[in-house]
Amino acid sequence: MALLEVSNLEIAVATGGQLLPVVRGVSFEVKANETFGIVGESGCGKSLTSLAIMGLLEGSQVRITGGSIHFDGRELTALSAEDRRAIMGAQMAMIFQEPMTSLNPVYRIGDQIVETLRQHRDMSRRQARDRAVELLDLVRIPEPGRRIDSFPHQMSGGQRQRVMIAMAMACDPKLLIADEPTTALDVTVQKEVLDLMADLQSRMGTAIVLISHDLGVIAETCDKVAVMYRGKIAESAATGELFSNMCHPYTRGLLNSIPVVDRDVEWLEAIPGRVPTIDEVLSGCAFHPRCAMAEARCESEDPDKRDVATGHTIRCHFAEVGSA
Amino acid sequence: MLVYTIKRLLALIPTLLAASILVFLFIHLIPGDPAAILLGDTATPEEVAALTREMGLDEPIWKQYLLWLGNVLQGDLGTSVFFREPVLKVIGSGAETSILLATMTMVWIVLFGIPIGIVSATKHGTWVDQVTSGGAMLFASIPTFWLGLYLILIFAVGLGWFPSSGFPSVSDDGGWTNLRYLILPSLTLAAPNAALIIRLVRASMLDVAREDHVRTARAKGLHPAKVAIKHIFRNALIAVAAAFGFTFAALVSEAVVTETVFSLPGIGRLVVQSILRRDYPVIQGVILVIVVLYMVINLLVDLAYARLDPRVSLK
Amino acid sequence: MTFIASFLSMFRGRKLAIVGLIWLCIVAFAAIAAPLLAPFDPLEIDPVARLSEPGMPYLFGTDHFGRDSFSRAIYGARMAVIIGLGSVVVALITGGLIGMLSAYFTRLGHVLMRGVDVLMAFPALLLALVLMTLLERSVTNTIIVIGVVYATTTARILFGMTLKLKGEVFVDAAICSGAGHGSVLFRHILPNLISPLLVQASFIFAFAQLQAAALDFLGLGLPPEVASWGNMLSEERIYVTRAPWLLIFPGALIILSVFSMNLVGDAMRDSIDPRFKDDIAGV
């Protein structure tokens, strides 16, 4: 039994009295101690998927319109707001893209970690503070006993992201959702933060859902990968399988847009065109206007999900051509 | 903190000096002989000549200013033409009423303005928000004296719940129960200012609610009310605190009107009556006192601001 | 035509602001056509008909001199528009020039803005009161005094906005292509500030009504014979228990007009350049 099972998730945005679907038929599962990557361009629905799992869509104009999210033996879409909050920050935690703005500027970082602890654990102020120092030490903040009284603006971006990780790990969550955790950081710091997450995972057995637009980051850290395009999973496989046997033309386009240092490329082969906006109605395969392999069939017929190998699914009419 | 306060106090001096020059020139801008103006219509030529010598009116104007400033710094703001008493004493006699009125008004502003603003922001887009923010704008559009007159008409004349005018000192018979005289005036004075605070709290909270750290707070599993108060309102308070300086200025302006409507023996009514009585030394004194007070309040607001926002460094 | 279309598009989905706009149009119409609309001379005294109740022929009743309140209210609309527009013009021209020049010529700005700071150390109505003691009660002086009071805030706002625009590429481009100071300020910077200025103007217009009414009430505003809403309230307030309608009508007219102007200003503010939104403090 997987820890997290998302099946046929549908998310829609309410604008001008109508519902525009932005995430359609997304299904995947994540086991304990596993890292699952979701990759795609901005606007593909990967962040909305992660927010839906976390339960942070509530109250905005974006909402879940179908499907289920099964977590640790419970159906999250059926829970009351109160039961949902008992899970948020405790069994399931999240870190975000912008470490510079994700911490409240008016409170000391220690108090922000303590707040999470005392929300879910029966702890005295003293105990929570001691635990916060431990957590800061765990995420390799130097001099944690002193830094616990720092304000966010007194720390660097990398340090703030470590604080975010410490806060997320405070209650030993079973699942950590990381939405572009390293995008806003310097390259050297990126590596440190990713290593830290991997290290914590191996110690605590946490499952991680890692959202990124960067296939390089995904390749380094994830066990399984889903490539999203325009609200749907275009291709999904174990990381090794995916990178050795890419089928979907979109996935290959994504890979080709990463500069490779040890290969002598004349130019970067980026995907032509742009991600269509959500209110553009497209017939057939959503990728066909940008796809080099598109044929008449792609314009009229939306491809169904099918297997090309064990655990390797795609949504494309021409997978065989791709795998050749 | 102390060093910062002292630095800020020193930085006030040039503005204060410039303002004092304006206040000093006020008497000289009135057509006529300043000594005659200061003494009023009943003065004899001998008295005028004596004061002319005393104020150094035959000296160059900058010398006159220094002489005047020297007196002011020693607490001598001149003598009231009407009361024949030192101006500082005349102002002091209105201070109790005005300070109590201002305090009571601030209590109403905080009591009504902040909770209604929070509700308006958290119910953003619903009918509750539309009623509260629309109502707040309506209250900010009512002339103070009109509101005061109708409060008198309804609650004093009609229902007889409160006295309609005047204010015996709390040291008079009745003691602190005399404060009931200030309930209608303070509500009158609070209405437009509370309305501004409601709109400000609402707008700042809506701004803060869009920030990333609020999402972090929600991701901790905190109750929405806790997110609204501890994370959104607390941060919005920084902008609200900055506006309290303006609120003081608005209070002073509207207190002039309110004290007149309710015949309260405060500093505001003193200004109006002194203008009508052409008691220029008192006008000059009151303005000087209010300007100094306003600057001190702004300084306090800045200090509070620095305490509320750790990003503001006190260096 | 496109200007009117874009102006009207600001009010889409804001029913209350549309009602406000319609009310302001009515006030403007009454102001222009006052002599045609008023059934009586607003100054004509009829001792027989003192303190008449509202009805025919005196729609809003008569005051203690026996003057027709309805006619006075219509001429009051004219006075409201004159005071409002006059104060806006004085405030925007003096304050606007000081603010723009201060931001553009840094050294001059140090001096001018310090002066503005000093004036801002005086609470608004207090400054107006003091200026009025030095001047005679007249329409022009009331406009000047209210205009000067709001010129200080306008100067501050325009100073900030000009400073922001000064750093923009298009200003550098204009300077590089040899544009003179005047041309940069008024042909390149000013057009970008028109819509925030209009918003500021709407709030000044609203505040000016309240300030003018307060001055009238204190006996330091318009001369007592002038038919203005503030004077109508001020003069008749002692008759409030005998003739409550005398305060209801002018009061309601002031409240409605100020409220409408605030609603319109609010709707306009939401559609201006977000860079300038925080600069303008309305209601």
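Should a chain be cited, it is by its letter among A, B and C, assigned in written order, with residues numbered from 1 in that chain.
The rule we apply is simple: a contact is a pair of C-beta atoms (placed from the backbone, for glycine too) under 8 Å apart; a residue touches a chain by one contact, two chains touch by 3 or more.
No experiment lies behind these values; they were computed from the predicted model shown.
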Target subunit C, source subunit A, minimum contact steps: 2
Selected interface, B-C versus A-B, where C-beta contact pairs are more numerous: B-C
Distance from the mean Cα position of subunit B to that of subunit A, given in whole angstrom: 53
Chain centre separation (subunit B, subunit C; CA means) in Å: 23
Residue numbers of subunit B (touch at least two other chains): none
Per-residue overlap in subunit A, given as positions that touch at least 2 other chains: none
Subunit C residues counted as touching two or more neighbouring chains: none
Complex contact set, residues of subunit A against subunit B: 54, 56, 59, 85-90, 93-94, 96, 98, 101-106, 115-116, 119-120, 151, 153, 164, 167
Footprint of subunit B on subunit C - complex, ascending: 16, 114-115, 117-118, 121-126, 129-130, 132-134, 206, 210, 213-214, 217-220, 230, 233, 237, 240-241, 244, 247, 251, 254-255, 258-259, 262-263, 266, 281, 283
Partner subunit A, residues of subunit B touching it in the complex: 211-213, 215-224, 231, 234-235, 238, 308-311
Subunit C contact footprint on subunit B (complex, rising order): 14-15, 18-19, 22, 26, 29-30, 134, 137-138, 140-146, 149-150, 153, 157, 195-196, 199, 246, 248-250, 252-254, 256-257, 260, 271-272, 275-276, 283, 287, 290-291, 294-295
